[in-house]
Each structure stands twice: as structure tokens, then as C-alpha cells.
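Remarks on the structure that follows.
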Amino acid sequence: MNRNLDRIQRNGKIMMLAYDQGLEHGPEDFDSKNYHPEYICDIASQGKYTCLAMQYANARKFWLPKYAHVPMIVKLNGKTKLGPEALSVTNASVDEAIGIGASGVGFTIYLGSDHEAEMIREFSEIRRQAHRYGLVVIAWMYPFITKPSSNDDELEADIVAYAARAGAELGADVVKIKYPRQPEKLPWIIKNAVGTKAILSGGDKTSDEDFVLKVKQFMNAGGAGVAVGRNAWQHPQPLFITEKTRKVIWPE
Amino acid sequence: MNRNLDRIQRNGKIMMLAYDQGLEHGPEDFDSKNYHPEYICDIASQGKYTCLAMQYANARKFWLPKYAHVPMIVKLNGKTKLGPEALSVTNASVDEAIGIGASGVGFTIYLGSDHEAEMIREFSEIRRQAHRYGLVVIAWMYPFITKPSSNDDELEADIVAYAARAGAELGADVVKIKYPRQPEKLPWIIKNAVGTKAILSGGDKTSDEDFVLKVKQFMNAGGAGVAVGRNAWQHPQPLFITEKTRKVIWPE
Amino acid sequence: MNRNLDRIQRNGKIMMLAYDQGLEHGPEDFDSKNYHPEYICDIASQGKYTCLAMQYANARKFWLPKYAHVPMIVKLNGKTKLGPEALSVTNASVDEAIGIGASGVGFTIYLGSDHEAEMIREFSEIRRQAHRYGLVVIAWMYPFITKPSSNDDELEADIVAYAARAGAELGADVVKIKYPRQPEKLPWIIKNAVGTKAILSGGDKTSDEDFVLKVKQFMNAGGAGVAVGRNAWQHPQPLFITEKTRKVIWPE
Amino acid sequence: MNRNLDRIQRNGKIMMLAYDQGLEHGPEDFDSKNYHPEYICDIASQGKYTCLAMQYANARKFWLPKYAHVPMIVKLNGKTKLGPEALSVTNASVDEAIGIGASGVGFTIYLGSDHEAEMIREFSEIRRQAHRYGLVVIAWMYPFITKPSSNDDELEADIVAYAARAGAELGADVVKIKYPRQPEKLPWIIKNAVGTKAILSGGDKTSDEDFVLKVKQFMNAGGAGVAVGRNAWQHPQPLFITEKTRKVIWPE
Amino acid sequence: MNRNLDRIQRNGKIMMLAYDQGLEHGPEDFDSKNYHPEYICDIASQGKYTCLAMQYANARKFWLPKYAHVPMIVKLNGKTKLGPEALSVTNASVDEAIGIGASGVGFTIYLGSDHEAEMIREFSEIRRQAHRYGLVVIAWMYPFITKPSSNDDELEADIVAYAARAGAELGADVVKIKYPRQPEKLPWIIKNAVGTKAILSGGDKTSDEDFVLKVKQFMNAGGAGVAVGRNAWQHPQPLFITEKTRKVIWPE
């Protein structure tokens, strides 16, 4: 459907290095090395990630010519975690992403939020523009259920499956989804992203074993890859865990 | 009024296969066969449905050339059931529907919702564009009453009649309406969709007898057809129930 | 000010047949004859009404060439009574009204509603477009006071006078206003629609005597006419009450 | 800054006749003479007011060629007092004001209202357009404090000074401000409208002595004039109080 | 990245004179000298500030040709402190800033406010336009936490660091941030504004010693300068404190 998809995958699989936490979570995720986008670009380059995702301003400033071989996904929308609203709006345009040579764009939709409709509307316009120019569209499909037990619920397999499906029906080329509380349902979840590639959202830093196990489960269930973030750049040896992840995605 | 109406009807009657549940309800409606849009396209094709309704992304990807003889209605708006707001916004445009060769567009209006006005405004713009290019406009006229006893009320015959009428007055070519609690009022309900065709929304999966009976009542009351969804593609033998339905709509 | 005003009046007086209840109230206002817009067009034609008001879709479908001698006012906005919001938005455009040959447009403003500002803004744009093309602009000036005793208050003479005045200051050519609780204040009310014609909103079906008395009072107070709706088309003999009304408006 | 300012002042001073109460307050401010805009135009003309302010529709209909020597300020926004929201939106455009030959435009900003931001945004666009075509921009700077003691507070000198300052910083050529509870602070208030002319909002009808005293205090404090409304046209002898006011503004 | 940055810095350091308090706080910040923008322009000129920030209307009127050597930053958005909403909207455009010869634009974002998304959206459009024409973009990054202890929290070092980071990720060339409660964390805070210059928001008037100490801490931590406001123009000898500040920023 989208020929540019080939630019961000290897043998049909995706290993994305994700770095949109600066806006989403603030510096609390960072240390004296990984606060700097060039450190991230180095990991992406040396770790042979198939793509790298950043907010536009970081991509514009730090995705230097020497990193041009790492395809860029510009994360177009975002919000801080300081406010009460689950509304993520664009802070850069598809044109700007094209202007710096990006291969695709990323966009978060908080399904179930009071503002779901507004994000669907904006996503659809972004999707239309991006596809017109041959860019890959990756949807961060994050449920945001507004009842008290929200944090728990959002990882229920049924909700993750719904998120995957919704991303597919909204026209994303790739959906980035959360790890479900019931991993045995992963095949069903991924199957529902019918016609769309599903990649695992790496989530919080965990142990190497735990992380690699999750990636394995996801790939075995039919997943197309993983978006590694804190598990790589918060790791004391990013290339070590990257190597382990890579071997899961592209086993010999 | 709209010559394209002929493309989605046979002898003035409509049998639509509806498949917008992936976004509206999530995968909980699906099993290992019907999660896939091609399975649906196959049913539509073999079952001789007069049209098929899907979200844009599914239509774009799975309404393959081999299904081109089944006219497509692109459902332009949608929402998940995860959030609190009864607001359905477009996730694709009339231009995009035209771009893939659709015969018409579908749009849900939640009458009585806090956001009724916003959906009427968006629907009206869609209607204008669609009619300019000769596309059929089908309105999913769904009351969404915000009082406690909501779920019950929405099937009251008076409310269904109101929905049918509102769809007609807003310029839909076809209104898709719910089965009323008082089926004896169906003639009055359908009459009120004056100048507009009324089709029955199939609703949840029920027994074959019950479903066929409802379709009979609806057709006898002057209805123009039915939108079959879960009653066909959740059926172990979709073509069996399709055949039965078809015979009700076009009796020999 | 607006030469088209002549097309909807006779000797400076207006007798409008109003039929926007299908969207506003639903079929509960209808019976087996008056649910059909052609029945209304027949009354308008035979009853020598100076104009007829309908939603766009009804006008487009049922205001057939044989009724072309009855000038059409396309009611551009509307809402159902099912929801909580007093917000009426356009479901058709001035261009569409022009496209079917209308003489004017109608628009409801719920003064005092939470959404007053939004309707004033939209009305003003409609007024501008309509006047640019020589269409008459008729404002349904309906107070919608959001305090508990709302239904009573909205007929207080002071509120009706305010509504008339506001319509005039907002640039309507004609204001359609409610019958006040204190009819002795009608001259003051009508005077305040300075430079703008005031017509009486017929309201619910009442007895012939009562209705004719109200019209008399209104005309004697300086009114420019009446918008008859349910009092005509819910009447067993619409032409009988029409005749009586006509004689009040244009006495010999 | 704005050469058109000369058209609405005499020796740098402004005496405006303000008549936007029909929309803002309704007919309760009127009697059998002053309900009519021509009566107001007559006062403005005979009383040698330096300008006259009205809603667009009144100006369009009643500011006849014989009054062309009285410069017109079209009040572009407004609201009724019937609703809960302190939001005043435009009901006419700068282009329309230009189209009837106005010298300037007026716009109300309710500072401190929930909708302050919306009015600042709309005002700024109006200011931009008006200045592009050489029209004077007059801001009705009215605090609308949403705490219980609102009505009292809004006349506190500090609040009036803030209103004057805000109008100046937002780019108004003239700010129309309320009389403060602490008139001894008028020099400070007016000084803060730096680079912008401050005129007194006449307010409710009061005694001749009281009104003239307030105007005197305002002019002595450095004010540029006054906007007289009800104190003139509710006066049994409008030209009498006008004459007295004029002598204060332009003493021999 | 932005060559215009050179116009507002000296040896890579910025000393801005900030004067947007008239709209933000009202005249309560002013006395009989500093209420006047020319007084501010004089301080900026004589004190050798590297730039001056004002609302558009003040800049347009008082940034006279004789002050042209002081680069102007037009503060494009603002709000009063009278209302409940933490929403700051533009009252002038990038085009207007360019029209008077400004070197850059300023924009406040209240992170964590209910309206964060709206300000991010508007800021992003401003950033795009400003960069297209080579103007510097300075973001006033102010957290506005909506919990009871709001005023305290907003100075927590973690929140200030988040603000700095968010400004950088949103594409500002310079972020203006608050002094943190834990000054020992300033190096970390400033480091997180990666690729973007951080300047200290001077805040309320304090003692000379205190102010100079804060500036020293900020510069030692890697800061790019300071935005002095009330500490300069509320000072009895503005050039005295300016001189002291300047020596901290550009030590010999």
C-alpha cells in the first residue's frame, strides 16, 4: 500500500528507536547521556535500528547528515503529562516532516479520552497528507479510559486488541500498541490489526530478560517488530540490549 | 433524486452488508474468520448484497478489484465505544471515497447527543459534497438519549420515527434505523421518512427466525431493505441467512 | 432595503405557511395527511399563502414546479428536541437555497441560550450571504431562558419585545416572534422591531376563534402578518382556517 | 497613528452618542421616542456629537444621507443580557462597516470572563482589518469578574485602570471605560491608557448634575471625552444635557 | 539554526528587557515613570539590553526610530489575570511583527493548563511562520499546575526542567524559564533545553543582591542570559542594576 514502508523495515520487520519522552514525560526519564538527542541518534545508527522517532524540533536539530541512513519518523503530536486533558495536538506539520527528509510520521490517539474525536479528526487529515506524499503513518494507539481504574484497564487484552483494530480501521500503516496483561491473547490482538503492521510499545525500563521475553512473545504472535525506548537508551549498554532484541526480530 | 441510488438497489430494494463494527465495537464482535474484511467481501459478493459498507481504510485495502461488482458505501465517520462522548467524526473524506470508486457514503448522527449539532453540521457538508458528485448518502440515524433509561428509550417507536424523519429532513437518500419496540408502528415510522428510503439496522445477532421475522415486518411496512451485519457474518452459514433474507426482500 | 421582500408579501403583509416541525418536533405533530410535504405545498398553493417555509431537503424534493408560484423560504438551521443543547446549526447553505430558487432563508436564534453567541455568529454570516444575493432573511427569534421557570418566562411580553428588537438589530428583514402573555403590549413589541417586519409565530394548534383573535390582535398592533403552521395543517379543513386568517390580514 | 481619528474628534476631544442598548439590554431602556434610531440620529446631528455608535443593522437602515455629517462607529459585536455567557461576538464585519461609510468600529471585550481569550482573538483580527483600511478602533473595555461580588468590583479603580491599560496594549485607538468607585484615581487610570484615548462610558441615566460632574472629573483627569447614551436619549431634553456636556468637553 | 539569533545576543548571551506586564498584571506593577513604554525603551537603549519585549501595540507606538538599535521581540500572545482560564491567545500576528521590523516573537505556553493543547497548536503555527521569515522564537515556558498547591509547585526544579525541555522539543530558539526552588539543579534544567538557549525569567522585584545572585547562579549553570523586567524598571536606578546584571552576563 505504501512503498515507503520498505524504508523503515528490514525483511518486513521494524525495530524503531523511540524518543518522544522529553515532551511526554519530561527530563525525569533522562540521565546525563540520554538527555541528548545525538546520543540517541548514535544508538540508532550503531544499533542498526530500522527507524528512529522524535519530535520535529529534535529531528530538525540533531538528526544530522551523518545519521541520514537511519530513517526518521517525525512524531507530529504530543502533550505534557502536567495537565488534566488527554489531548495530544500536532506541533509540526507533514510538510515540515517532508522538509527535513523524514520517511514517516507518528501520531498518538488516546482512544476513549474525552477528546478522542478531535484526535481522530486531526489524525485523519495527517494520514491523508502523509499518504499523498508517500510517507509512512504510524499510530501510537493508546487507550485512555477515564474511569478510576484506568491504569489497570488500559492493558487488558481486549482493550489492546481494540486499539490495534481501531488504528487499522483509521488507516495507519503501522500501529504501536501496549503489551497486554494477557499475553496469550497476542495472536488475536495482532490479527485484528488486519492489513496493518503491529509493533510493540516497549514501555518502562525493565530487566533484559523480561524485555526480550516480551519481544519474543510479540514476534511469535505475528508482530512486525518493536519500538524500543527507555529499555535501550536507559540501559547502561544500549547496544547490548539492542543486539539481543535484534536477534529476536531477525533470528538466523 | 440521486441516480446513483440505482447502483445500490435491485428493483428499488437494498440489501446492505454492514461492517463498521471494528471501529465502533472493537474485535469483541469478531471471530477468526469474520475479523478479516475479505471474508466479508466474499459474503457480500456470493450473497448478492446490493452494497457493502466499511470504514475507508478497510475499503481501500480489502475491497479488491475482484469485488468491484459489489457497490461500496464508505462509512465516513466513527468512534470507539471506549469514551464518554457520543460524537462521531469523519476519518475519511468524500474525495477519498470517490478516489476508490465508492457508490456512496455513510454517516452516523447521534440524535439527542450533546454533540448533535456538530454531527448535523458535518453531515450537511458531507451531503453537499457527496451529492455534487452523484454519490448516495446513507445516514445511520441513531438516537442517543442522555437520560438514565437511555438504552431502553432508544427503541421506542416514537423515537425511531423521529430519527427516520430527521434523516429525511436532513437530506439523506437512505436512512438506516433501529427496530422499534412497537413493531406495529413500523408503517408510520417508514412513512415519515418521506422521500427517503428506510432500511432496517440489523442489530445484534439473533436467531434466524427472529431476524427474518423482523425483516418481513419491516418490508411489509414499506421498508426499502435491510443492513445486515452480525446476523450474517457472525452466522455459521452466512449465505444461508443471506438467502433467507433475500427471499423476504425480493419475494418471487 | 430588500427588494425580494415584495416576493413574499401582498400589500406589505405576509402569510407564511411554516413546516419545519418534522425536524424540530418529530412526527408527533403529524397525521396521515400532513406528514407529507406535498400536502403542505397544496395548502400553501390553494390557500394563497405568500410564502412557505421548509427545511432544505423537503423543499428540494417536494416543492415541485407546480408549486413554483408559492415563494419558498428555506429554513437553514434546525435541531431535534431530543437533546439538551439549545443550539441550532445550519444543515443547508445559502447557495443551496439559491440553487432551488428560494426567495429567502429562515434561521432560528435561541436568545439567552448557552449557545446564543454561536447562533448570532452563524446567523450573521448567513445574513451577509443572503443579502448579497437579494434573498429575504427571516429570523425565528426564540428566547430560551435557562432558569427553571423557563417555559413560562419565554412568553413574557418584555422577553418577546427583546427578541423582536434583537432580530431587528441583527439585520433580519422579518422577525417571527411568539405571542406574548400580555397581548396589550403587542404594539410596543412590534414597534421595537424597528425597520423590520414582525410576524406572529402561530404556535400550537388552538381553537379557530382563539387563533383568529390572536392574529387580529397582532395585526391591529401593527404586525406584518403571521406564520401559520399547525393551526392550518393540523386543521381538518386547512383552507377554512386559512380563509379566516387571510381575511384578518387583508380585510376588505 | 490613525488619521481617521480626526474624523471623530474636535480639537482632540470626542463626544460620542452611544446607542447599542437595543441588543445589549432590550427595549426596557426605551420609550416611545428613543426606541427609534432616527430619533438618536437627530440628537447626534443637532447636538453636534463628534460620532455616533450603533449596531450595523441600525446604521445601515437609519443613518440616512441627511446624517452623513455625523461620523458613524459601527458596533461590530454584541450579545443579549438573557443568557449566562459573557461572550460577545461580531454580527457584522469590517467590510460591512466600510460598505456603509463608517469612520470606525466598536468592539466590547469582557475582561476576566471565561471567554476573554475568544474576544481578544476576534478583536485582534478586527483591529488588524480596521487599521488596514484606516478605520478607528474603539474598544468597550468592560471587566466581567466572575466572583460573587462581581457587580461591585467591576467599578473598583484598579480594575478600571487595568481595563484601560489592556485596551491600549491590545491596540485600540480609543478605550471606553467605566466610571470608577474612586474617582480620585482617574488621572492614574487614564494615564495608563498610554498612547490611546480614554473616553468615559456614560452608564445609567442619572441626574444632570451628577452626570456633568463625572464628565468634568474625567476631562480634568486627562480624559479624551465621553460616550453619552441613556443620559442623553432618555433625557426629556436631550439637547439640554448635550449642551452642558459639550461645554465641559470644550470649555471656552 | 536561526541566524537572527545573532541580532538579539552579544557573544552568545542575551539580556532582554521584558515589559509585557501591562496586559498580564495590569497597572499595579507600574509607577508614574515606568507606566510609559518610552521609559522602558530608554532603559533598554541606555542599559545596552540585547533586546526588548513588548506587546505589539506598545511596540508599534513607542518603539520609535531612535530606539531601532534595540532589537524588538513582539510578545504575540497574552491574557489578563482577571479571569479563571489559563489560556493566552495571540493579539497580533507574525506578519505584524515583521511589519514593524521586529527581530523575533514571544509566546507564552501555560504547560499543564486545561488549554495546553490550544496554546501548543497556536505556538506551532507561530513558530512555523516566524522561522519561515527568519525571526527568533522565544517561548515563555510557564507551568500552570491546576492542583491546589499550584503556586508552590510551579517552581519545583523538576517542573522547571520539564518546561525547559518542552520548549526545546516544541522548537523554540530560546526558552524563558522560572527560577527553581532548588537552584542546585539549574545545570540539569538548562542542559535539558538541549539545542535551545535558556534565559531566566526575572520575576518579582527583589533586592539587588538577591537578583544578581540568581543571575550568577543561572549563568554559571550554563544559562544564556536573563529577561529582566520589574527588577530593572521598578528599580529607582534601572541603569545601576542593569550594569550589575550586565557584568554578570559578560564578565571581563
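Here are some notes:
Every chain is named by a letter (A, B, C, D and E) in the order it is written, and numbering of its residues begins at 1.
Quick note on the criterion: a contact is a pair of C-beta atoms (placed from the backbone, for glycine too) under 8 Å apart; a residue touches a chain by one contact, two chains touch by 3 or more.
No experiment lies behind these values; they were computed from the predicted model shown.
In terms of their C-alpha centroids, the spacing between chain B and chain C amounts to 34 Å. Taking each chain's centre as the mean of its C-alpha atoms, chain B lies 56 Å from chain E.
Chain contacts: chain C has no residue touching two or more partner chains.
Taken as a contact graph, the chains are arranged in a single closed ring, with each chain touching exactly two others. The ring sequence of chains is given as D, E, A, B, C, with chain D as the starting point and chain E next.
Residues 22-23, 26-28, 30, 32, 35-37, 55-58, 60-62, 78-80, 82-85, 87-93, 96, 115 of chain D are the ones touching chain C in the complex. On chain D, the positions that touch chain E within their shared complex are 1, 111-114, 116-118, 120-121, 123-124, 128, 143, 145-146, 158-159, 161-162, 165-166, 168-172, 188-189, 191-192, 194-195.
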